[in-house]
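Take a look at the structures below.
Shared chain: chain A. Partners: chain B in the first complex, chain C in the second.
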Partner chain A sequence: MSSWLDYTINGLIVGNVYALVAVGLALIFGVSRLINFAQGSIYLVGAYIGWVAVVQLHTPLPLTIILVAVVAALVGLIIERFGLRPLQNSVRIAPLLATIGISFVLDQLVMLTFSPNPRALPSQLPDVRFQVGGGTIGPLDLLIAGVGITSALLLFVFLRYSKLGWAVRAASQDRDAAMQMGVDVNRVNQAVFGIAAALGGVSGMLVGMYYNQIDTAMSLQATLKGVVAEVVGGAGNVPGAVVGSLLLGLVESYGVAVFGTSYRNLFAFLLLVVVLVLRPNGLFASARQAPPEPLTGTFIAPSRPLRIPCWALSAAVAVFAILPLLPVSFYVLQTLINAWLLGMLALSLTLVAGTIGQVSLGHAALLAIGAYTSALLSLTLNLPVGLAIIAGGLMSAALGTILISPSFRLRGHYVSIATLAIGEIVSLVILNWESVTRGPIGISGIPPLSLFGYDLISPASIYWFAFAVMVVLALLQARLLSSHLGRSFRAIRDDDIAARAYGLSLNRYKSLAFIFGGFAAGVSGGIAAHLYSYINHETFNTQQSILALTVVILGGLGNVVGAIVGAVALVGLPEVFRIAAEYRILIYGIVLLLLVRFRPQGLLGTI
Partner chain B sequence: MSTGAPEPLLALSNVNTFYGQAQVHFDLSITVGRGHIVCLLGGNASGKSTTMKIILGLVKPRSGEVMFDGASVIGLTTPQIVRRGIASVPEARRLFADMSVRENILMGAFVRNDREAIAQDLDKMLTLFPKLGQRLSQRAGSLSGGEQQMVAMARALMSRPRLIVMDEPTMGLSPLYVDRVLELIRAINAEGVSVFMVEQNASLALEIAHEAYVLQTGKIVLSGPARTLKEDPRVRDAYLGGSEAA
Partner chain C sequence: MSNINRRTLVQGSLAMMAGAAFSRSAFADAEPILLGVSGPLTGPNAQYGTQWKQGFDLALDEITAAGGIDGRKLAYQFEDSQSDPRQSVAIAQKFVSDPKIVLELGDFSSPASMAASPIYQRGGLVQFGFTNSHPDFTKGGDFMWSTSVSQADEQPLLARYAVKSLGLKKLAVLHLNTDWGRTSRDYFNNAAKEYGAEIVVTEGYIAEERDFRSTLVRVRDANPDGLVLISYYSDGALIARQARQVGLKQVICAASSVYSPKFLELGGEAVEDVHVGTRYFPEDPRPEVQKFIAGFKKKYNGLEPDAFNAYSYDAMNMAAAVIRIGGTDRRAIRDAFAKVKDVPSVIFGTATFDVATRRVKGAMNAELVVRKGQFALWDGKPT
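The block that comes next holds the complex of A and B.
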């Protein structure tokens, strides 16, 4: 049994590691008002560079650290120069989406280069522990603390005494005014990305040594933890990020001490949600906070959507409806069933992200709620599957909206962070609430789809079922968008302050959007559960949320037909071109990057 | 002053600017002579602030030329233009609120590398703006509007500019500070720095300016020596009616 002092030491050490990530995020947010979702990928790259250095090149520790910092910094510079600088004059959401795409690409490249299997990263330090009070501390703990403190000092000196550091501070307070003093903002961005990447890379390497294991799943976790720490400390606040990180480390460590390891992340995300709800500017925000800007210019502006004549749509529906009667392979139907399921999720997200402007990164949670509700009701209460799926949709609508409601008072990027955290919380609750969800074992033996007592076993019947449900949901949503309600949604997206001034209750309309979207996503999850017959807490993950977002952007934000076209394209094209599964995520990331850069309005145009 | 027809320090000629479809400037031509104070008058949405942004390279005109000291600045970035010798006192001052007053003033010298001369200039600023002496280590955001205006002006001077462009330097200031700011603009000008200022308060601006332009919905409708404009009935009616009574 470890002592409390041990948990405190552990919390502070882990906090130090988070700080290295969070400080970089804070620097970048300060200068560009951007949450860099690729920070975790750089951390991942750092860990693998460290592995190459230690295991293959046998470099001594100081050299390893320098090597990791330099290579990671280079990656950061490349991201800034080629991924983000071209987006300087585009809408505010564009760079955020680009960093998500970049993180997909980097993670997949690392995975393809080094294989997804975990690797051991030895620390090169003697394995001894010193007695300190009632706890122990090892050389690696001291190294991590040393690197953390040294970095903080160097950063302080840089910001306070160097010319470039002054430029960074000035630019983060008023970019335009800094330019008018002769500050080259591009150089500032470069500096900030380079520093953030170097710190992030070293952090990844240290974590790898700490747990003596690295794998590609580290990336998303690091981004999430860094973002939590940064937001807790106040976005853009560098000292705040350090304190937020230490706090996060301690909260997690004590949480683990009391409840067990599987609760570690739950505490992290709960801390985030609590801070976002109670003090959205962070624990250390001064009374004077950034004035709320209207959301004008945040979102991809409505373009002239491609008008598809009614007869063409009807014809397309008819063709897809009779498809199973034609001599098509089982494989084609299977692929399209997946596309229809993704299409339902995309309908939900295009309403929430496109029409009312809440860019949700946790949409997979709605799938999970629907899937678990439907599976459990049909298994334990023997509810007919059709009803169970509807119940899953309703549960997703209700529970999803309630869970996401704390984010209603947030704006812009904060909504994305909050929904991401809420999505993670749902998955962690599923993992830990064993009496209901069966925890890590998952639910197996879920009854197959059935309708009015007839089991839908043949691919054609499943195809028709999924297609019909999706078409009905799409028609409902199209009707909704052309109504007064749809206009109110768009008004809130375009300028929430003006919308409020006209008497629109933001909470009510956001709830309505999430209720409708939650239902569509929940139904999709429910159908998936009965189709797969086995689900667990990882079936519906953040990767799916991001995939849905890519679909929605590909189709055109807010565009109902676009959501479906996007789903068919992203599910279908890799099949058509027989792209191996491990390259698919890479392709999705590249698609997202290219879209944001060259066709932000998507294929069919935003509405 | 050179002999003959002196080349102006700043010359905008036939500038046309657009925001999307909307045209902001129609064949705008403005010159600022060396050593002069020139003011641009105009109501809301007349394109005044956009004129400032054109000079500083923050907005690119669709057509036309901007010459500073005999060379085109079209296509240069804002930092490059600042290095050529233009400093700005932006609208609403735009100080670096979380940096100290000293740091704010020194930020003005960002384009310079001569440490000792910078230190001397800082001392000079403190004689020009004696009030700032006690405030040096204070957060700039905690100063009053008038004090912030002083800091913004000191910051602009620190780059040793040949031209200072000021966007509504008296906006939101108490009458006491308005007079002080005008005095200071004169003092700065007396040291050889040309000034181009945008103002809504026409009577004050014409008080200190050598030349003035009147901008209306993107077109220059009147221009000439400030003294003449002050007497012009059209200017009196449009801009001075209310303010003279005050």
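The block that comes next holds the complex of A and C.
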């Protein structure tokens, strides 16, 4: 019985830690309806500034906190001014991509400055422990709780009772109306980013002290958990974010108590999906609150797609088809094979995200389902590889659609968050379902690609195989888009209420899109499994999902050719930058930012 | 304002690129024998790639000072894979089709390494995976060789330390839930049971985990008399700290992968009295260990080497020994792995490959304990 007290206390303690990030995210979401993926990076920057202050400058704790808050706020202001403000009149999705790019750049800058080795960040508080239940808590626990709760309360009061707070809320409800009333929206945004970044920086430092450890990998995890906590509490709701964080901590802790440590994150993400399905606005949204997303499709703005003449496309296909006959190195072929595999994934995502407007952040899960199905079928049932890959595609289509269907009633960013959670859940199920997936040991000895009994081993034959499959999928998808089905998809994306008024069944069409998309992604995963010969739960990770979304936005949402061009660009660029060694991901991030800045509608435009 | 900012950023990165390119070309003038390295320099595992480099560079300095290989320098080309299978396969094709590369080292993670294996095998270039403990890694083909300490060898040593030397009877095992952690756990549990101990609870955690308090409540409720950590140094330090915070006072034993000065730095007082089974220790009188530690401290301003530094240092020395026998022909190099005998090694004392498994057997063993913030040889006293 006393153990349950301990689990509860531990849950609250870790919930505390999540709350610090969640509050910052909630504040930014409340104003700009933006999930700030760079919040985790600011948290990282704060942790390292804290390290410099404590270890190099030997500042006392209050000064350390002020220093971290000021520097982090400056970083936040710079992000707002140069990363996001130029994008405020472009597509709604562009700032999301920009924050991803900014987080790449910040993480890399920190890594290059401080090296990726983890560092100790000693706590400056006295080392006394108070006995609570079976364990102890220290002054840092109390400080973290204090900072979390105080900042949430202060922000709540600020938003409710101060003039700038009113401006913030007015801007978040209706930006244009606020501007007409004389609210300086840019100043509001600046204030919000400054405050959120200061909070993010301080929280990174405090959490670093709490664990006595900071490293450059902490950024993505912080963002993930912060987003979950924030959405559970109700996106944009600051006190809700604190409660959501505590709830998340508790659920994780009880999950560990009942099922064991390796199930911990499974419960975090299941909680998120359940909350989203039952209360799409979060637990603490009032019933009267306006829906957090506009009813009509300003999320993905229409743009004039770049028309590529048919002869040019045919010529490009012909050139790529005969490429292996020309004197190009295997390295180039292998890079292009990777691009074609990513291209299939991007085709799938551009259909569900671009054409029907369900921006998925968990697409790697479809790869994983296809890959595991194909690998296991060919290994255990000796199914021919070609058939196994098709089975992988079908399984991915079926299972993917079923898994994603709870998110069909959601809109805008909430779809992305739900799919992110579903993606994580799939990966954790693969890790824990050992009797089928062999858990962390993974599946080795997967037979190589073969077709009609002939092994495809040479790079050229694998290249042709992947290229042909991708071209066929692309042609099918282009045909689909020009059919009445494609028009229905776009109608749902642009205005789902109008679409419903015309008698379109939203769920049915969304399912159809996911079935087709799931098949393409599953086939890509299946081919990858036979190409690699070994897969485990880490092979298809969250970074893959984010990469796929980047490809799709870069190419132009819904744009079939754009998806492929984007895949070639994003597989090719990091390879081209190899000469820059450690700096290549930094350069890649900068290039990405520039592309978003100057072509927010994507290289080839939204269709 | 914004223009200036961007321009300086771009210029800065161009300058950095030029710098990187220049430092690489400095090797090229003496026509060195070139090795390919595929490993993480960015991404979540970047720290291990940097540690590899330190070990490689030290070994190369010594090899060059000793006159190189038949008068030629040995050098490596490090390609960043981020431990991502998509990138490691492209790197594999790059190395295989580059005739200058005579041997490949890496990758770090199993998904990245084993995805590239078919390409190295078909391309006839040895993939020398010196941190690849996955039991199936060398089954990829006769071009896959590994000096990674087999967990079948290492874990029984740790089990003997915990059960026989320290007299622990009821063990709680916490392990990283990766292919390495899982394999290690299974070998450890079997060995510990054979020595007569009982495993009262095992908990696997994912690599990104930082909060272990609830896990440790489970451990406490199982009432063990010792904790066994199959962890890397950063998570090992976190667990040790939180174990002390939640009031667990049991003896802690950890696998050799925590053996790093960082473990002491990150763990602070909480890692005092933690027992670690390692392959070498600072006062080890063996000449190869003394040479390694002295050289490392001299080259890196007094920094203590850790387990991953030792692995990469050994790997580079092994590569040199193999090339001395096999020359620069890729197939001859593969055959030389079977011929090379008794190469001085920090980890193994002397390393000779078992031709059947293409791995090295019989790692050295040292039973250490943390005393006053330093690793010291265990004096046999209970803690």
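In this text, the second predicted complex is superposed on the first by the 523 of 607 C-alpha atoms of A that agree within 3 Å, B and C clash if a C-alpha of one lies under 4 Å from a C-alpha of the other, contacts with A are read in each partner's own complex, and residues count from 1 in each chain.
Keep in mind that, in the parts below, a contact is a pair of C-beta atoms (placed from the backbone, for glycine too) under 8 Å apart; a residue touches a chain by one contact, two chains touch by 3 or more.
Note that the coordinates shown come from a computational prediction; the quantities given were computed from them, not determined experimentally.
Visitor: Between chain B (first) and chain C (second), which, if any, makes contact with A:D174: first, second, both or neither?
Guide: The first partner, chain B, only.
Visitor: Is A:V17 touching anything from chain B or chain C once the two structures are fitted on A? First, second, both or neither.
Guide: In the superposition, A:V17 contacts chain C only.
Visitor: For A:D184, using the defined touch cut-off, is the partner it touches chain B, chain C, both, or neither? Pick first, second, both or neither.
Guide: first
Visitor: May I ask you to decide whether A:K163 touches chain B, chain C, both, or neither, giving the answer as first, second, both or neither?
Guide: first
Visitor: Quick check for you: in the superposed arrangement, does A:S360 touch first (chain B), second (chain C), both or neither?
Guide: neither
Visitor: Figure out whether A:S151 sits in contact with chain B (first) or chain C (second), or with both, or with neither.
Guide: After superposition on chain A, A:S151 lies in contact with neither partner.
Visitor: Between chain B and chain C, whom does A:S450 touch in the aligned arrangement: first, second, both, or neither?
Guide: Neither chain B nor chain C is touched by A:S450.
Visitor: More residues of chain A are touched by which chain, chain B or chain C?
Guide: C
Visitor: In the superposed arrangement, which partner chain does A:T223 touch: chain B (first), chain C (second), both, or neither?
Guide: neither
Visitor: Which partner does A:T136 contact after superposing on A: first (chain B), second (chain C), both, neither?
Guide: The second partner, chain C, only.
Visitor: For chain A, which residues count as touching chain C in their complex?
Guide: Listed in rising order, the residues of chain A that touch chain C are 3, 6-7, 10-11, 13-14, 17, 81-82, 86, 108, 111, 115-120, 122, 129, 131, 134-136, 138, 211-213, 215-218, 221, 252-253, 256-257, 260-262, 264-265, 329-331, 333-335, 338, 341-342, 431, 439-442, 444-445, 448, 457, 459, 528, 531-536, 538-539, 543, 571, 574-575, 577-587, 590, 594.
Visitor: Give the list of chain A residues in touch with chain B in this complex.
Guide: Residues 163, 166-167, 169-170, 173-174, 176-184, 288.
Visitor: For chain B, which residues are in contact with chain A within the complex?
Guide: By the definition above, chain B touches chain A via 56, 58, 77-79, 82-83, 87-88, 90, 94-99, 103, 106-108, 110-111, 141, 155, 159.
Visitor: Quick one: which bits of chain C touch chain A in the complex? Just the residue numbers, please.
Guide: Where chain C meets chain A, its residues are 2, 5-6, 9-10, 13, 16-17, 20-21, 41-44, 46-47, 49-51, 78-80, 82, 84-87, 89-90, 92-94, 96-97, 109-111, 114-115, 117-119, 122, 134, 136, 139-140, 174, 177-179, 181-183, 203-206, 208-215, 217-218, 220-221, 234, 237-238, 241, 245-247, 262, 265-268.
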